[in-house]
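Okay, here's the structure, questions in a sec.
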Amino acid sequence: MMISTQQLHDFNQPLMTAHEAALCYLHDTLGRQAADVIEKLVTFQVAIPSWALGTGGTRFGRFPGGGEPRSLAEKIADVGLLHQLNGSSDAISLHIPWDIPGDVAAVRQQLQAAGLRIDSVNSNTFQDQPDQPISYKFGSLAHSDAAVREQAVAHNAECIQYGAQLGATTHTVWLADGSNFPGQQHFRRAYQRTQDSLAAIVAALPSPDWTVLVEYKPYEPNFYSMVIPDWGTSLALCQALGPQAQVLVDLGHHLPNTNIEQLVGRLQHFGRLGGFHFNGSMYGDDDLTTGSIKPFQLFLIFNELVDAGQDPAVRNPAVAYMIDASHNTKDPLEDLLQSVDNILTAYAKALLVDRAALEEAQQANDAARAEDLLRDAFLTDVRPLVAEAYRQAGGALRPVMACRALQVRDQLTKQRGLRALSTGL
Amino acid sequence: MMISTQQLHDFNQPLMTAHEAALCYLHDTLGRQAADVIEKLVTFQVAIPSWALGTGGTRFGRFPGGGEPRSLAEKIADVGLLHQLNGSSDAISLHIPWDIPGDVAAVRQQLQAAGLRIDSVNSNTFQDQPDQPISYKFGSLAHSDAAVREQAVAHNAECIQYGAQLGATTHTVWLADGSNFPGQQHFRRAYQRTQDSLAAIVAALPSPDWTVLVEYKPYEPNFYSMVIPDWGTSLALCQALGPQAQVLVDLGHHLPNTNIEQLVGRLQHFGRLGGFHFNGSMYGDDDLTTGSIKPFQLFLIFNELVDAGQDPAVRNPAVAYMIDASHNTKDPLEDLLQSVDNILTAYAKALLVDRAALEEAQQANDAARAEDLLRDAFLTDVRPLVAEAYRQAGGALRPVMACRALQVRDQLTKQRGLRALSTGL
Amino acid sequence: MMISTQQLHDFNQPLMTAHEAALCYLHDTLGRQAADVIEKLVTFQVAIPSWALGTGGTRFGRFPGGGEPRSLAEKIADVGLLHQLNGSSDAISLHIPWDIPGDVAAVRQQLQAAGLRIDSVNSNTFQDQPDQPISYKFGSLAHSDAAVREQAVAHNAECIQYGAQLGATTHTVWLADGSNFPGQQHFRRAYQRTQDSLAAIVAALPSPDWTVLVEYKPYEPNFYSMVIPDWGTSLALCQALGPQAQVLVDLGHHLPNTNIEQLVGRLQHFGRLGGFHFNGSMYGDDDLTTGSIKPFQLFLIFNELVDAGQDPAVRNPAVAYMIDASHNTKDPLEDLLQSVDNILTAYAKALLVDRAALEEAQQANDAARAEDLLRDAFLTDVRPLVAEAYRQAGGALRPVMACRALQVRDQLTKQRGLRALSTGL
Amino acid sequence: MMISTQQLHDFNQPLMTAHEAALCYLHDTLGRQAADVIEKLVTFQVAIPSWALGTGGTRFGRFPGGGEPRSLAEKIADVGLLHQLNGSSDAISLHIPWDIPGDVAAVRQQLQAAGLRIDSVNSNTFQDQPDQPISYKFGSLAHSDAAVREQAVAHNAECIQYGAQLGATTHTVWLADGSNFPGQQHFRRAYQRTQDSLAAIVAALPSPDWTVLVEYKPYEPNFYSMVIPDWGTSLALCQALGPQAQVLVDLGHHLPNTNIEQLVGRLQHFGRLGGFHFNGSMYGDDDLTTGSIKPFQLFLIFNELVDAGQDPAVRNPAVAYMIDASHNTKDPLEDLLQSVDNILTAYAKALLVDRAALEEAQQANDAARAEDLLRDAFLTDVRPLVAEAYRQAGGALRPVMACRALQVRDQLTKQRGLRALSTGL
């Protein structure tokens, strides 16, 4: 299905009076900042991973809804719908082997028709595929057996080739390798093997504009040690791998109480922040809607991103933003729209921070004042700015509400069936 | 397959000289305590859950081995093998609907032949079964819809019936109900509905000697709130439910840094500790081999159990011990044998604590002395005592080694095939 | 010093135009809810503890500012200043022995003059006082020695007497008792001794309208076990102690990732929530400004409080609200004003939640809608409502700003000196 | 006081028969490994910090014992006593300004007489000293004001000078700098200022054989962010500082559930592990007796140290071992003796691991076997080996027991008084 411009216009129409009044109030109170924020929001884009369009699950079970995309074409169609609704999701991340593009030309055409591009390609060496010669049960890039490592490197190289055919320039490596028991894995050797394998993957990049993003995670699916458990390890690997490797931060991949915003600032200081996976977390890699549990933390992270982005001394390349959540409870499309909403909200608030005054307070160690400056930005009701950005980008003032009003899921279910199951976790 | 007495004898024979020397040394140094400990170890039994006999997995994947039991009969056979090897696993816990006994008489006969009994029955309202009228996607005993709650209560009553037919007297309720997002569930109403549903289950118990065990867990599969997140909630429910409800402690179901041994002591003080699920945990419900990560914690837990067991003022009923781990990495049978080994080791050490001296040190607030008393017990090498207990119970001096030497897995794989898949997570 | 009505008027005057415009906008968009919220905020009061008026510290050091209150009279004066500025802090909590009222009549007069009342009295058995016969090094109410327990009970009884003389009806017990090492303390006996000691304290209450609040804390100052580590233990004690004992929740006294709002709802369901200590926490008992780290959590807690407050089925008595933070970094008065600001902000947002719609969404398990309903309330900019409540209560539109503009600290420092040191931690 | 050789001999004498029988049994069962382990234990030395000889405290209070050392001379005397008792504590770490050596020649003589050396010097910029021009309230090496940074750098340079006079070659920097509130500190600038300050300190080192150890800590005394929160930050700083800077690992300075042994292995792989602070932790920087809470973790850490120490590919310089605990509950001398005992026990067990077999199991991904190999070493009762090492080093077979039997504390208290208070926290 496609959503017509007319449908969006009809949806927005009855909301416009209230919207314009709210917007007007913000223009009055924020001055020209309001327009600046809207402008920045309009251009901000968050990629959608192909595997987040179906119902997620836990090891205890999965409760699918209906109308899930059954093919890469249907996944692209779903992201297209999202992008029509919010104008902020112009890219899709592919997972190999779930999304191997059979007919590359056709895929490119679908993407173009939907106004989308490929964000990054993502390898999978945490599962065994039916036709796979050697098992990843005990690891892949860090495996003690060179044959397994070679197979895993080859798979990553293949991912990069698919990506290149579709115009991507980013390859993301999330490595599940690790151990469940003390003694199972030799820490130093596993690290060295990982570095060597990653070097082989970097060597397989087709051109200098490509980047490999190295993700870290403290636990799960391994519960004693992970080979890349923290940002320090990712950074050390990237330093060894050279300028084409960068660190990827997934919000759910930290030990309890980690100050994530600080390490985001740190990575930018080092020029090594490559990308972001947005999700929400209360306990671990819970993969909830980003911003649903700790909206202030999300704001503080964007505060760092905005601050570094405005500092000419920071030489960090462009950061790749992607949602990486598991939609066990809500309709995946609604969940993704809410995620983008929370991201834009946090970003808008971060843009409102009075940075000159903040720096002055920081220089004077005036903690109360510094806190109040952040607080003032955070307490500002930016919903009208976000809505206006959606509108200006051609979307709906309230995307989730529009998604329901336009009965998107019902139509998809009619089209694809109640038992359509998407590939994914 | 069955292991013959002769096979076990042949396995033990070459180890006997060293074993007897080691045992002799312990008799010399520990005096009559050694024999006491062995006697207690011989009678100690830990139940094996039917779902732990196959390879476990995470939401990211599962890497099955071969020869997994495909039926209840084969699961009973596997527990029988374990019990032959270590003489400490004389009971099996059943999971409904994975283990519905078709022919009750036949199952009883198999159990009897293997020297086993049924430990407890366990309900499953965290997954939907193919033929199920209403979904548990949003809960079961706590669901907002009375029809779902009734279905879930009926399922629990059915489990109890199956258990009664097989001679069980314990029913375990682990409730996955909860919410993934703030606002999703009304905390107070969800609690009250849970209490009402549990009361209906207690009312369905066939006789006063039955117990319902109420398990708690802070998160997973729900990641914002669980209806029964902690021991305080389990206890409050059991108080409302009366004397036939007791708290079940699963070692992996606690927030980071919880002092588990203290709450075990507390529950015994209240006479409300009903059962234990043993596993190992580094981060959350990791379901590793119990004792593999925190052996000292396991010892301290047994220290509480032994202490309360020897205190006539404690009126806690008999505690049901079960292993509840997920064997993602190791051969499930080897993993279970290691688990029992770690449990018996912790128990043996706890039995060695000089309780009179400890109480004296506690009364005098002599922390250094109290610590040294525990330390002396913990540092004692009790492997010969555990081995001797295995031997006296008719098992192998070193069960894991025997399991390998007798090529148990190879034979099971030959018999059942490489792709035999067990039901479970 | 006192702040005159004229001073506050003069401070507010230049801010009034913008304030009225903002307020007008909220009246327009929120309808009559705006006035309702303001009315509720005006009457909401949070007590200030006497020990929070000086600079706090950590075990590593303390960096005092100037002008700290040196006596109970000066502490009352400081709370009086806060109450003049925000109209929301009409009570002071006393700590014994730091605040023993020498001349009771004089203290009562000071309180009356400042428009204040006594909130609760708080005992201290976690430190030794110079003239104390027996040490609390190894505990107080849980001590193995009956003489120490008696001394501690007598101290609590003395606190209650002081409180009664000043018109308080609440006594708070925070018990530091516990152990630093495995084996040091016998868990079951320590619990029983604590229960017996608390029963003696309850027996010392002068009248049935008195309440003893039983606080819990998982660790610090003891680092292996605390006798009352969690809400489950506090609740069990209160159940044994009868209706005059209630549970006190301190926001910093939980293990990592605890869902505090859920247990708040649970305690209200049991009718056992007696009081609150507000502070902010990132790692442990950090005692930061409440709402400075997790404002959404504070909102969700107030969401529970408001929901239960509107539910006739809930029979929880009135909850005592107090700030309990340590002001290591900011001026204590500014920090306290910020704390109250964050509390009122969270409360105002919780009052805005559309409860009928929320309950409908909960009943329908519409997680996305439920979340959006909370989100809409949380994202509303309620600063004008809070400011208006301050104004209507006779305070400043922006209390922190007024505190600076009126040079409160400078004047206090002139009056009391740069090296005035307050009692406290 | 001094302990005579005769006294130690007299203490050991009645224990010798049992000791020799136990030792004989281990020689029989372990073969030549037993002698190897003893030899390594005899030469292993752990430094004692001067500030750990008095009673510690928390922010809630401190309960001093008697006979604490009142001067550097008495601190050296105390470490001398420890070294006489266990032969394993031949070095003392100095804290400046608590331990400024007035008469350098005298201090050198005292050290020589006691058979001790200086381990490292430690700076203090987390507290203000009476005569200090500018406050460290808002930081030191990371402070926004250059004057404060210069003062802090000068203090560190002064520490190094004191150390050089006494023959030390290690300087340890634990930086308390950080922030309590979001916005208070600019993350990137604070980091850069820290790096620049540390570079100035490294530049002040008197010779190339000196090392600066850069410690990290996630929280306390700052509770929102610390400038050096984790090993990744310490490593990044050391990389920038050059070969004379190394990372120091304090066991209590990690977020919940951190796999410390893995990062220890990692730092050795990078050749960047400079030193260790031993203590025990259940929740945070609890500063308990090392090994009292997680003895298996301590063993796993030593397993990494031993493994790297035997691997010629690892080019990590010698690691500096020090105890850094706070003795709030036990007699400091007994606590330190227990700490060393736990360290030697963990080290001895790590030396017993069959590394060839372990590497084989790791290469084969035989997790069960690898775990059993570690388990066999961990379960071995090595107390006789540790006792023998003490004896061969001229100490007592059981140092804690000897400390009590020889009434060390009583004599110190007689000599120094009941109210002797040591400098420290």
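Read from first to last, the chains carry the letters A, B, C and D; within each, the first residue is number 1.
Convention: a contact is a pair of C-beta atoms (placed from the backbone, for glycine too) under 8 Å apart; a residue touches a chain by one contact, two chains touch by 3 or more.
The model shown is predicted, which means the values in this text are computed figures rather than measured ones.
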Touching subunit C and also subunit D, the following chains: A, B
Between the pairs A-B and B-C, the one where more C-beta pairs touch: B-C
Whole-Å gap separating subunit B and subunit C, where each centre is the average of the chain's CA atoms: 42
Where subunit A and subunit B are represented by their mean Cα positions, the distance between them in whole Å: 40
Touching two or more other chains - residues of subunit C: 137-138, 179-182, 184, 218-219, 224, 256-257, 259, 282-283, 289, 292-293, 296, 329-330, 367, 371
Subunit C residues touching subunit D - in the complex, by the definition given at the top: 57-61, 63, 126-128, 135-138, 176, 179-182, 184, 218-221, 223-224, 256, 281-284, 286-289, 292-293, 328-330, 425
Touching residues on subunit B, where the partner in the complex is subunit C: 137-139, 144, 179-189, 191-192, 218-219, 224-225, 229-233, 235-236, 255-259, 261-263, 265-266, 268-270, 296, 300, 303-304, 307-308, 311, 314, 358-359, 361-365, 367, 370-371, 373-374
For the subunit D and subunit B complex, residues of the former touching the latter: 18, 21-22, 25, 28-29, 256-257, 259, 282-283, 289, 292-296, 329-331, 334-335, 338, 345, 367-368, 371-372, 378-383, 400
